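Below you will find the structure I want to go over with you.
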Amino acid sequence: MPESLRILVVHGPNLNLLGSREPEVYGPTTLAQIDSDLSARAAELGCELECFQTNHEGLLIDRVQQALGSFDGILINPAGLTHTSVALRDALAATGLPLVEVHLSNVFAREEFRHHSYISGVALGVISGLGPRGYRLGLDALVEHLRR
Amino acid sequence: MPESLRILVVHGPNLNLLGSREPEVYGPTTLAQIDSDLSARAAELGCELECFQTNHEGLLIDRVQQALGSFDGILINPAGLTHTSVALRDALAATGLPLVEVHLSNVFAREEFRHHSYISGVALGVISGLGPRGYRLGLDALVEHLRR
Amino acid sequence: MPESLRILVVHGPNLNLLGSREPEVYGPTTLAQIDSDLSARAAELGCELECFQTNHEGLLIDRVQQALGSFDGILINPAGLTHTSVALRDALAATGLPLVEVHLSNVFAREEFRHHSYISGVALGVISGLGPRGYRLGLDALVEHLRR
Amino acid sequence: MPESLRILVVHGPNLNLLGSREPEVYGPTTLAQIDSDLSARAAELGCELECFQTNHEGLLIDRVQQALGSFDGILINPAGLTHTSVALRDALAATGLPLVEVHLSNVFAREEFRHHSYISGVALGVISGLGPRGYRLGLDALVEHLRR
Amino acid sequence: MPESLRILVVHGPNLNLLGSREPEVYGPTTLAQIDSDLSARAAELGCELECFQTNHEGLLIDRVQQALGSFDGILINPAGLTHTSVALRDALAATGLPLVEVHLSNVFAREEFRHHSYISGVALGVISGLGPRGYRLGLDALVEHLRR
Amino acid sequence: MPESLRILVVHGPNLNLLGSREPEVYGPTTLAQIDSDLSARAAELGCELECFQTNHEGLLIDRVQQALGSFDGILINPAGLTHTSVALRDALAATGLPLVEVHLSNVFAREEFRHHSYISGVALGVISGLGPRGYRLGLDALVEHLRR
Amino acid sequence: MPESLRILVVHGPNLNLLGSREPEVYGPTTLAQIDSDLSARAAELGCELECFQTNHEGLLIDRVQQALGSFDGILINPAGLTHTSVALRDALAATGLPLVEVHLSNVFAREEFRHHSYISGVALGVISGLGPRGYRLGLDALVEHLRR
Amino acid sequence: MPESLRILVVHGPNLNLLGSREPEVYGPTTLAQIDSDLSARAAELGCELECFQTNHEGLLIDRVQQALGSFDGILINPAGLTHTSVALRDALAATGLPLVEVHLSNVFAREEFRHHSYISGVALGVISGLGPRGYRLGLDALVEHLRR
Amino acid sequence: MPESLRILVVHGPNLNLLGSREPEVYGPTTLAQIDSDLSARAAELGCELECFQTNHEGLLIDRVQQALGSFDGILINPAGLTHTSVALRDALAATGLPLVEVHLSNVFAREEFRHHSYISGVALGVISGLGPRGYRLGLDALVEHLRR
Amino acid sequence: MPESLRILVVHGPNLNLLGSREPEVYGPTTLAQIDSDLSARAAELGCELECFQTNHEGLLIDRVQQALGSFDGILINPAGLTHTSVALRDALAATGLPLVEVHLSNVFAREEFRHHSYISGVALGVISGLGPRGYRLGLDALVEHLRR
Amino acid sequence: MPESLRILVVHGPNLNLLGSREPEVYGPTTLAQIDSDLSARAAELGCELECFQTNHEGLLIDRVQQALGSFDGILINPAGLTHTSVALRDALAATGLPLVEVHLSNVFAREEFRHHSYISGVALGVISGLGPRGYRLGLDALVEHLRR
Amino acid sequence: MPESLRILVVHGPNLNLLGSREPEVYGPTTLAQIDSDLSARAAELGCELECFQTNHEGLLIDRVQQALGSFDGILINPAGLTHTSVALRDALAATGLPLVEVHLSNVFAREEFRHHSYISGVALGVISGLGPRGYRLGLDALVEHLRR
């Protein structure tokens, strides 16, 4: 039986609004549903999950820093911070943990300023535009990577 | 008699210092005076006002998110975050509320890096360089827009 | 009783069309209505107003030059010349008069080439996207600035 | 029998010199010959034509504005203003009329600063480098477009 | 009676789909109709025509190379290769034949990456945005150029 | 029982080499294994799959064009053409089919010239850097999207 | 005795204000004094002079066009049009006359947008920052060039 | 005996991790050791020190604002915020206190996006790449500057 | 006696035209003569040669891929693909074979768009502008490199 | 009688070749003739002159440094160093002497890389393209400036 | 007792002027004072020092090259060459010695062209804007680095 | 028997260090060996050779200038000056001699700032990355070019 992996799921600014606003961009699913769906999937995969959302860059960095020692990998949707936060990038790099970057909408088909990510340079991989299922796919990929 | 509109006034980082520092750039008026002047004007216009200042991007986003349902419009001076925060832009866009962006000094006549605003793209309009009265004018414009 | 200030209102190319074309961009108000509204407001403020529109950069420059000695401030919507006329900027700078730049639509949320203004660098302030009321607000701001 | 369409032909700065100067760039044909050729072609197509040339951006804008109501389409060679006039673009856009942009020489094979056109973004199409016949082809295209 | 000119008509990638897909961008006419219309026009002009379409850059280059000696001019719609193929430009330049570049939609009013053409620098002229009739106009211009 | 969806899997230039060369960049899995794994997954999902690899841009375009009517969605790894082929983008757009873009390595963490994709702008979503499992995840996402 | 050369002196927008405004940038000399000084110098050099100032780009172009046949050379201070007028450049190029470009202040040590000149590319030479004497030096140089 | 100066030492995001992570980039020294070393040095220099670290931009700004009146100078390592925070720059500028910017690693020899600092423009000086001793050197420089 | 090295010589698009077209750019030598000259030189050097030309990027990639196992090095003139083909670069990199890039004309002294090469980044070296002898020199260099 | 001014004339790299090479760019006059002509003019103006040419940036800087105390102004043609030497700019700025920058050919109408000058930012004025007489005009301007 | 380290101190162009010119930028201290102060500090640190200044890039490179074998580290203020000399960078890199880059004024708060340094990429660290004490701090850091 | 050609071989800054430093970049061969090898090759080719190395741009320019009349061609490795010296380019252009530019390492695969050469624009050809043999190949090419 595989070892029980621990995955930290991190949601950046405004993702708490999912399901209630701008559904034409982000879809109708709520963050609670995403987290619940991820937990179910984690159970199937035999791994533990902890989900965290905040609108504060500082809290994100605090949480990411604490992941080292407690978690084996990070699944992160940095939202608007994707394009502007070197500090978050540095925190993720400092953990040395494998991480997968997820975006609900396809950021590469939106405004020009969303085409660049400070996070991608330290990520294992990026999933963009696949909606809530992008999280689940990212979890699968992360677990598979960790189990190899 | 017109319906009582509710306007959220949001002041970004360092605006709490108004009146005490760099008066050659920002003028001698304090933030308390600005808020008081705005409240007086709001009373004349028959609308309600709530003012909020913080140096924390995360708190700004939290507050802006809560505006939906509680407020009819937003008057915002994003200060230094104007030029760097995609997350704040996303929060403002998510509310779907009309917003007016205000700058005390004329940012377009200052350093090159102040000429671009992430907020303008989701704003009804921008007022720059008219000092404290810019807030009042912005309030007038916002109320007029909402009452049409 | 305050001294009677004289304000020159300058409208750039195509603003004579206001109210008749592209109302989805510029709104239904005509230039005559804007000027009339401004005159009413000027009367309230106890100041004199002269309004001028032309599609000719050269005439704009001629008129702006003549403002020195005859006027105390300038309220200008440079329209398309905003983004292309160094000569108009030089004329405005040469008068040494305080000026407020007004745009009916929010130029910062339109095409990329409308995001830069040659005029802003010599303006007291900028009002963008507040429609016809932007003129009135600009007049208020200009008069208040002159009376301080 | 098709309705009699009215087409405004607009020639920008320096095109009055055609045939007398820089024939290696612009060819030997005069503007009068171009207008005459166009008129003949218009007669064949059963449409009316009015030709206008000026070196003044302001007069071009005045003339273009008046086209609405009087003309069904515009054939324009903006010459040097192609690359510098947002105001002319705005005037053309304001008419809402279909327009074809013509250049005698192939501007895309000349200096770098001639590769960008402010007019193209509001044009039905562009014809560049086909000499005087470019006007005739543009007229044909415009009429055909209007008759569809 | 004029000598019988031979014109090679070259259609680049995806133009075989004309009339069946994205009619809102490219119109309802099929490529067969365009070729047939061009042949009719060629007959009127007393010239011979050969039409060629492929989705393969290499085949386009092969075909263009063979034009020397067999054809007097080239009418080309390079489609997506317009913006990316130096090799096609080199092939066209190597023939030394006069060529006219045609685009069905107005590429200068579409995405930024469509505003630059590698082909224009070696073309006699460019016709953009006039739909299927752009080909016919291009043929007329090419024949007229060759007959001068 | 869900309808049997047909998915076209398209592999761009050099992907035939997978498993034999540069394993430090692309991993040890062969393309045959990827296709076989995808087929197995397709069987589980109850959908049909056809896999295609070529080093020829033209053949890719031919194949993509034929997808319309025969397939319900496209899973594509455009490899080196990602960054250079407008023609491939146009072909994909012309089909109007939902498509997912997959990259084995994380292109956003490699050379600067790999950070831009012409394909992303017409894709449903992008998966980058998750190795062979990226294809499977992409297939899952595509099928899920089509079944909604 | 040398042939009597005719030189056209052209002053662009705002130069009519010389001596009265912004003396810290442009100096205390009036345009009349400059023209008078130039006439005196012309008399010494045995050449005829005609001076022209306007704030209208169109009038500048009209005047420059008429120079051919009437004048042997042009001395021009294009002022703000230096940086924005392709049409003026085209007019100057069309005359084929040698021309010297003069700037009172050193434009290369001012704002970035004044560092580029559309006129320089068709000028014999440029004199920048030498104040009113720059005109005289330019006249000397032009006459000497014409007499060689 | 020199007056007792008060220096605020500010450490930005992720610097709390010093000594435990990425020692190949940032070295083995912990932040506590740096602060302790700085305090010892401060004692030698006869000045008082207060050290502060946070991952929150907002808290950094709050703390910097409070420095005015309580401190005579600021020693700051803005870490990842160096490259992205206009708000922090504004806070530092608002204090009007002399400040020295320190980076442990040589940011100018790392990724391109680390070459620009928003802080440098308002700093007395910058020390980059000298490891923990950079703080001590910065303290010496700041004190020497304040005592002149 | 040295081991018999096998070298693949690859000629990109339009090089089949050598000797017949644009001799002022590419010289009078035919590709057959270049290949024959290279074969003679190869015989002297005791190595085997295979020459290949195509106008098809896909065929170039196919051929380059097959080089692994069959050849010891590659001599390539990518012609127009130099500046546009990431796929060809990837194919060359995938072989892991040493390669020398040759250009007949000096691409660095031609149009700006020819100054960048996608191939140079994976090449042992580059020879530009030395005409047909550049191939021979490249062969010498490649063989010498392989024999060290 | 005016005080005897001392002017240092500095010629940069390759100007020793004047009159012997590239006369189509730089003209037939030798440097000795230019210096002799300048001396004659200096005598007329009642000022002293010292001329210096070197191909060594270091010697130029040495010489410029020594000018302070010995000379009242500098006339300099920095030649190729114009576009590349910050050190020469710094030396000139350090003298605090008024300086005029001269170029024989019109650098603004040559290659793009000649359009920027590090020297202009610290110069009184620039004379470009007037050939050897540019030096004389520059001397006149410098002397006149110094005598005001 | 620590081994006696040998440090080469290199001063670039115009630093010989220190103390006599532009004191508002570079301060009142002379280079002799800086060298003397450095020698005193070196004596305290038990290391040997050799100081060298020149305005000649070539002599700087000669001297830097000779450092290998004679010195253990380099302290350099490249002055104006910082921003323009790849050759100096190459010389420094060739020695393989640790080096610290010093600037008296804060180059990052001056003109844009001073923000980039070719030297930083091969330096251990950079000290900018701390005046003469920057040298002493740099010496301390260099010695400390060498003694670890 | 062919005429005895005279070739000047010029080595730029730091090439005197060859063989002793950074062999992983520049290889183990010394400059003396390169010169000796070149002399041997020159003897075979029946031409005379003179070799020159300096770290001084000024001496390089002096030497290059003297080549006219004494030499028939130039073989140059400008080293670090390749990317920064317009003055060296001008000197080379002034001689009017054919020149070949050589780089030991492949500059196009190194740092971005080494991808541009001021010399290439006036060179017959460029050889990059072929190590010491690049010189010999360049000599062969130059002699062959001169003998045609």
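Per-chain residue numbering starts at 1, and chain names A, B, C, D, E, F, G, H, I, J, K and L are given in the order in which the chains are listed.
Please note the rule applied: contacts are C-beta pairs under 8 Å (C-beta built on N, C-alpha and C of every residue); 3 or more make two chains touch, one makes a residue touch a chain.
On a predicted model such as this, the values are computed, not experimentally measured, just so you know.
Novice: What is the graph distance from subunit J to subunit K, where chains are linked when they touch?
Specialist: Between subunit J and subunit K, the shortest chain-hopping route counts 1.
Novice: Any idea if subunit B and subunit H meet via the same residues, over half in common, or different ones?
Specialist: Subunit B vs subunit H: different; shared/all numbers falls short of half.
Novice: Taking each chain's centre as the mean of its CA atoms, how far is subunit B from subunit E in angstrom?
Specialist: From the centre of subunit B to the centre of subunit E is 55 Å.
Novice: From the C-alpha centre of subunit H to that of subunit K, how far is it in Å?
Specialist: 23
Novice: State, to the nearest whole Å, the distance from the C-alpha centre of subunit E to the C-alpha centre of subunit F.
Specialist: Spacing between the chain centres: roughly 32 Å.
Novice: Please tell me the distance, in whole Å, between the geometric centres of subunit B and subunit G computed from their C-alpha atoms.
Specialist: Centre separation, subunit B to subunit G: 48 Å.
Novice: Of all the residues in subunit F, which ones touch at least 2 other chains?
Specialist: Residues 56-59, 84, 121.
Novice: Okay, what are all the chain pairs that touch?
Specialist: A-B, A-F, A-H, B-C, B-H, C-D, C-G, D-E, D-G, E-F, E-I, F-I, G-J, H-K, I-L, J-K, J-L, K-L
Novice: Tell me, which parts of subunit G touch subunit C in their complex?
Specialist: Residues 12-14, 16-17, 21-22, 54-59, 79-84, 111, 113-114 of subunit G touch subunit C in their complex.
Novice: Please give the residue numbers of subunit G that touch subunit D in the complex, ascending.
Specialist: Interface residues on subunit G, with respect to subunit D: 56-59, 61-62, 65, 68, 84-91, 93-96, 118, 121.
Novice: Could you list, by residue number, the parts of subunit H that touch subunit K in their complex?
Specialist: Touching subunit K: residues 100, 106, 108-109, 115-117, 120-131, 133-134, 137, 140-141, 144-145 of subunit H.
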